[in-house]
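Presented sequentially are two complexes of subunit A, the first with subunit B as partner and the second with subunit C.
Then we have the complex of A and B:
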């Protein structure tokens, strides 16, 4: 037992306060439980993405709340108030730029996080619910992106929304209702802006916080999956706690992401296009870069005509999500080593390659349009 | 084998050496890996489960003599943490170290309560009765602006003197006044494509029949005569609602091209290439004696074969 340096010293005020709180809420036990989670096989750089996503969300919430001090969600002021943030408010360009690039970082890290879980076979029983809640969170992140870029009310915003909502319209039976419900009318306008604003700043953040909490809870209940190879003895020998090694790696990851977003906000500031109007002039509508591959996919001949559009706009994305939802229920093979799961590995490489190819081809396509 | 219990006596092959003071748990398998033995007060020893011969109700028998156990290194408490200080999931499912049940008294008032199920269901019914009258108003509240009557006003979009050549797409930009709900009246920029069509193009558009436009109640608004030379196309691409342009295509010549998903239409609006499901939408058009072009601004649902008017 360690002896206090000064015997019988009176506790300081801070120590008294901590003791007071600890006696009432069990702070020390709570802290110990949060930090002392055994990580089978030890900490790894591959595990940093979950913490990074939480960090990105916290920063999006902070910058988003700050932007709302000046932004006005009306068709006649949204554009002007966004321009005001960029050009007149001190550091407005930076906070808006951070929020803008933060959304891209969110999408990148969600894909990385899902890929890691997929490649590590960490979605397999008993972690099915963890995977399902993760998929719901993925949907929320996409929803954030889609509702977020309507808000500046520039040409990109207007046309991306027009096309996106037309795709919702392709849902059988309910499509027309859903599209009108989202738009708040037959065409995009003030009602659309109001609805997207409420969804973006109230509904999705609440849903994300609730589901992220559930995700963490389920993660703690199920315990980390650990590495996909190695004998139990090897894994046990390398096991350590969440604090300090994993937290250190997470912090380095967060700092790197923070620096990258700041750099992008600084060197690639947000530039608005012309104010939204149903006549695009010379502008060629294009979605955000992370939707480009899908945008390019819809240009394919196989998705032409009424049936093709149903396939492209509804069946393909819904089927893909359903496949991801069903994944832990049909893939019950306990083998988690990705190098012993050739179908999973090939599928992942195929999907990533398709996304890369279609993104690049849509960029190449730009030249032929001018 | 039973799990060793705290306070159980520990017996070696020759004699008793004390009692179980602690158990050590493997955090991954959730099995007890060691017991800690008191050695009758002369320093604790950590004994692996491999040494255990049998576990009884309050006795643990070891398969080694007491001298072997005493020769083990002393137990080092600082190498361990308690299960309260670390998160181990499903600990209770696997471990039964508590020597007996832990109880709290059951309140007297709770002992003879009948109709527990009734009260439970009653709670649900009250919740449902609160939710029910909210559901329909909320739905209607959100649906208020979704459906609007069509506006069949004629709008001036420009003068035909802008058109220099037959069968050439010319964009007419115009401003349309809109009054949306509580917003002040404002003008939005829109555009239509107008062309002076040759007889071949007209034949392709009208296929020998006049084109009739009706309002929501089926009343005739206007008829585009099949021999009228001017044709106006809605600026909205019938694929997914982007705005198309008039462009030079390297093999197809002068065409309408939508930059979004690359649908291509000829001068008559017929689909030449790309994903569009139907031809461009012709609008009601009339031209005054002085050449002023007027159209009725209509929009049709994109992505379907048939024309379904939405604006």
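Then we have the complex of A and C:
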């Protein structure tokens, strides 16, 4: 009787390496756990924002490290070193442009991710902790934008930080201490730059990595929420694993974001204003575009005067954040379909409309001032 | 489930096809656009470029854009890259419409997708867009213009002066104006876009009406639907995608016209004359030499002046001291 041919049982070098690692760290089990996550109702484009955020953060870390090779965080040299990056370092203008637009992309994606979770009702039990950690991550992303804005040390950076720190100063009890801690002196200077730099490159990245890890862990424990509509039969039939369909969508999303940021870095490069001085001259201080709506809101007469400033700078944002924190605890209704939650839908549309209206108003106001 | 499918409106169907078709084709077009940017053969004007890119995401703009640019004088971009992008968008859109159209017909409408559904949807959408979008452009532009001027006059009416001492404050006035014209313009845009999306939905409905019914086995149908979205050999597929990504990255860096500084006119470095390096010993020596030379000159001038004085004194004696007082006045 003819013996069946035995395939070559000798493992290749790569297979040997994988076996070696698997025996020590449980590589295959880890891979199975990471890729075989069932997604109720199947993969969707709406789920890509979390992965895109991780990708943007990784790219921000990479471009940030490359920029740090040339950037000097001192009041005397910050501006000159940023100009050096733009004009003399090979592809320096592109790296800086990518890092600059990457921060905007991160804010947009965080808001898109939060909106998706809110509209999908994915903050409801048992995902309250996931929502809370997500809110903390949102705060960190905003912190990245605020601290990174000062680093080029031009007029825009200087005055945006001055306005921001003045807003912190309005916080009752802790405000004065926080503002003095951030500034390190009566006016923004070397101490401010050093502190913002350390917060931007050490404290916030460490906090983001820790909280992003916790966010992922909680996500795996709670499992994906799945679609808010559809029959159980439909959801069950369409359920598949994280790999390959969702990974494909995530990759396409990442590629689209990467191409968009590259395009913006190329098309709308970073151009510095004059070097920072305590005299604003002709320059009208204003923050980064994603804070413009809030900046315009604070220009309203209702937020003028000491009480008004306290309301605008502290009470309104703190109340809004507290509302977001409390959301999963007072919204006990298990209904997740956004079309059956009219208050949630109207609130979301109202907030988005307000952001759009006040952002456009701020741009018109800028033209009016100029 | 069947009831829900039967009650799908043309707008829902249109949106269900256009939205994913837009996102399916966009990444490829975006990569192409970035490459054309890097080559420097495509320029978009201001922020309209972003809108242009987003509109490009939809195949309904393929014929509408040139018509709008021609008739309404709206200039979106220049360079040979714009028509190249349009040209390459055609097969990408046909492919995207094919993938989405087939899956939508099978899974949502339970119909067997006919052959060439991507191309049929593409040309019908392109024609619909060519007729409809210029009208939308004209109406929305006119409405926005009217709404802006109306809101401007509303914000300045006398009755509002009674609320505030010096009329409506600037921030409030701008906010009020933006709310008024923004709501009107956005409302009109949404209504017109709904009509447009509904038109695409009717095109899909017509295709679905002529298509045979899909088998009732839901699980088998879902398997077919799934394989329409993701190829069978997923490893090969992912490798291909990664390879394409790497190739695009390499091409991007290769076609960038200059490494540094930034190739745009906007970012030229200001011409600053570099100061000569300061060398203290050389400067001191040079200064010493200069002072020495100047001292010698002063000495020579003084000697010359003395000699002249002596001459004039000699002359004065001869002239009887007539000019002696005058020379004393002029002497330093």
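Here, the second predicted complex is superposed on the first by the 362 of 370 C-alpha atoms of A that agree within 3 Å, B and C clash if a C-alpha of one lies under 4 Å from a C-alpha of the other, contacts with A are read in each partner's own complex, and residues count from 1 in each chain.
We adopt the following convention: contacts are C-beta pairs under 8 Å (C-beta built on N, C-alpha and C of every residue); 3 or more make two chains touch, one makes a residue touch a chain.
Here the structure is a predicted model, which is why all the values come from computation and not from measurement.
Colleague: Is the arrangement of subunit B and subunit C around the shared subunit A a clash or a fit after superposition?
Modeller: fit
Colleague: Regarding the shared-chain residue A:252, is it in contact with subunit B (first), subunit C (second), both, or neither?
Modeller: second
Colleague: With both complexes superposed on chain A, which partner does A:299 reach: first (subunit B), second (subunit C), both or neither?
Modeller: After superposition on chain A, A:299 lies in contact with both partners, subunit B and subunit C.
Colleague: Tell me which of subunit B and subunit C touches more residues of subunit A.
Modeller: B
Colleague: Let me test your reading of the model: by the given contact rule, A:53 touches which partner, first (subunit B), second (subunit C), both or neither?
Modeller: It touches nothing on subunit B or subunit C.
Colleague: Between subunit B and subunit C, whom does A:233 touch in the aligned arrangement: first, second, both, or neither?
Modeller: The answer is second: A:233 touches subunit C but not subunit B.
Colleague: For A:92 in the superposed arrangement: first (subunit B), second (subunit C), both or neither?
Modeller: Only subunit C; A:92 stays clear of subunit B.
Colleague: Would you sort A:278 into first (subunit B), second (subunit C), both or neither based on which partner it touches?
Modeller: A:278 contacts subunit B only, not subunit C.
Colleague: Quick check on the superposed pair: does A:267 touch subunit B, subunit C, both, or neither? Answer first, second, both or neither.
Modeller: second
Colleague: Looking at the overlay, what does A:189 touch: subunit B (first), subunit C (second), both, or neither?
Modeller: first
Colleague: Working from the superposed arrangement, determine the closest approach of subunit B to subunit C, counting only CA atoms, in whole Å.
Modeller: Closest C-alpha pair between subunit B and subunit C: 7 Å.
Colleague: Once the two structures are superposed, pull the subunit A residues common to the subunit B and subunit C interfaces.
Modeller: The overlap between the subunit B and subunit C interfaces on subunit A comprises residues 299-301, 365.
Colleague: Note which residues of subunit C are touching subunit A in the complex, please.
Modeller: Touching subunit A from subunit C are residues 1, 20, 23, 26-27, 30-31, 33-34, 37-38, 44, 49, 53, 164, 169-172, 174-175, 177-179, 182, 218-219, 222, 226, 229-230, 234, 237-238, 241, 245, 252, 256, 259-262, 264, 266-267, 269.
Colleague: Spell out the part of subunit A that touches subunit C in their complex, as residue ranges.
Modeller: Going through subunit A, the ones touching subunit C are 42, 45, 83, 86-94, 231, 233-234, 237-238, 240, 244-245, 247-248, 251-252, 255-256, 259-260, 262-263, 266-267, 269, 271, 296, 299-301, 356-358, 360-361, 364-365, 368.
Colleague: Using the touch definition up top, name the residues of subunit B that touch subunit A in the complex.
Modeller: 26-29, 81, 84-89, 142-143, 145-148, 173, 178, 180-181, 183-184, 186, 188-191, 235, 239-243, 257, 259-262, 274-277, 299, 301-305, 310-311
Colleague: Write out the stretch or stretches of subunit A touching subunit B in their complex.
Modeller: Residue positions touching the partner: 29, 32-34, 36-38, 40, 74-76, 159, 162-163, 166-167, 169-170, 176-177, 180-181, 183-187, 189-191, 220-223, 232, 235-236, 239, 241, 277-280, 284-286, 295, 298-301, 303-306, 308-309, 312-313, 365, 369.
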